[in-house]
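The first chain written gets the first letter, and so on, giving A, B and C; residue counts start at 1 in each chain.
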Amino acid sequence: MQIYTRTGDKGYTKIIGGIQLAKDSQRIKAYGTIDELNSFVGYAITLIKNNDSLKKELIQIQQYLFDCGNDLATPTGKGTYRVTSALTEWIEKCIDAHAGVPQEVESFILPGGSQAASILHICRTIARRAEREIVTFQWTNDMNEEVLIFVNRLSDYFFSIARVANANEGIEDVLYERSGKVFHMDLKKEDL
Amino acid sequence: MQIYTRTGDKGYTKIIGGIQLAKDSQRIKAYGTIDELNSFVGYAITLIKNNDSLKKELIQIQQYLFDCGNDLATPTGKGTYRVTSALTEWIEKCIDAHAGVPQEVESFILPGGSQAASILHICRTIARRAEREIVTFQWTNDMNEEVLIFVNRLSDYFFSIARVANANEGIEDVLYERSGKVFHMDLKKEDL
Amino acid sequence: MQIYTRTGDKGYTKIIGGIQLAKDSQRIKAYGTIDELNSFVGYAITLIKNNDSLKKELIQIQQYLFDCGNDLATPTGKGTYRVTSALTEWIEKCIDAHAGVPQEVESFILPGGSQAASILHICRTIARRAEREIVTFQWTNDMNEEVLIFVNRLSDYFFSIARVANANEGIEDVLYERSGKVFHMDLKKEDL
């Protein structure tokens, strides 16, 4: 098989259903950034030590990121969406399960620590960049809004497991020295 | 030598030929993203094991990325372009040479595997981000269009060698479970 | 504590002072990119070997990046700025102190070498991407202009220490073959 088709050499490309778009259109930016995030998750997986269940969780997230990409590449009426609220429920359960591991903090923490934790913070911020691209896209386009919700939760998930990765290696997160009390322990699910 | 000149502290900078531009102008975004990609290629090189010819190939690509940057930084009439169709022919030959190594797939693959493969997937997606910036630039500016063609091929090149990197370490690519048959083996050079 | 609050699921969020903004507004892009940069600095720190003073310097930079984020997240009148010209003076002293270590070059160098140097080049280019986002923001918003100056200097700082990282490991930077004489040794502080 020859991977390159030369069809995109003038700045246009196709999406699911065969419609042609400029490569810099907002839809392409949105799923292109999901693809970038997915690649960083792939790298993060290579750095996680002695935690096969976390690796498996991240591979599941890679699968779900393809589901996100699929939905963003599908214009209305040209296919069925794959991201449902079940994915968000799943990832919330993952966050809840990890929440007990690291020590609670009230201050912002410096993104870093172990290699795994550092890359997971990178994933966190790229998930947020992807979210911003999706937000721009959805102002003016019909899309599966479950994708936006899932990607929003995803960045909180990466924050949680970055902290777990450090805790597991006995590394303490370094606090931002001038931080206020930003994480409030009395914010509970019930208040939301 | 003192590296910092303080000349850019107000948001403006200069390009080849001495013309002043805002730092957030599309030309600067285009070659700034090429520079970011080049840095990731530099990191990828550090992770490739037992494959000096692939390392050499990637250093050659770093040189060519500077040629791309040069052409994007050169306004019409202020210099000669460096990127020609010969670069694209060279990279197509590289892709063809690598094509035989990994097993053919028909499904999308999760970007990951070895550390080298993961970073090469990151290079792939950043090349595509750079391509999007160049596409935006060229709608309204005169530029060397060979750069756009080369960068389009570059992302396919990174896909190919990410798969080679895994194959060389005996790592099998994980398929996207819900993928259709997206890579078609009957797409041949002759049909393009 | 529950990290996710679900308040941002529709594409809006809050800044310091409680004002609501779209997540893709330019202010959020600016400090979101600073956060991304900060995460890469976190990763860089994990790769630096036998140089505790450089590690400490980078942790200080992480603290200062939070100060930058704070100021960018603070609309006029809703808080006090934290970035002052003292930060820029500090980082210029750091650059000056590192300047003697590597061999002077007149040509552009390929971003790469050791793993630490490669990631520091990545930090350099992401600092420049952050700078571009801040530049866009400041055209139409009141902001602490010391942040822009500091971030401009920051990319030169990363260039300097990328070269130091290579020099310390005895790695010679590879030159861009077709580079002109771009770094001019007779450019001195006095001429600026």
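In the analysis below, contacts are C-beta pairs under 8 Å (C-beta built on N, C-alpha and C of every residue); 3 or more make two chains touch, one makes a residue touch a chain.
None of the values given here were measured: they were computed from a predicted structure.
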Copies chain B and chain A - interface residue numbers shared by over half, same or different: different
Size of the rotation, in steps of 5 degrees, that lays the CA trace of chain B over chain C: 120
Mean-CA-position distance for chain B and chain A (Å): 23
Chain A residues counted as touching two or more neighbouring chains: none
In the complex, chain B residues that touch chain A: 92, 95-96, 99, 104, 108, 110-115, 117-119, 121-122, 124-126, 128-129, 131-133, 135-136, 138-139, 148-149, 152-153, 156, 159-160, 174, 176-179, 183-185, 187-189, 192
Contact footprint of chain A on chain C as seen in their complex: 1-11, 22-24, 28-29, 32-33, 35-36, 38-43, 45-47, 59, 62-63, 66-67, 70, 82
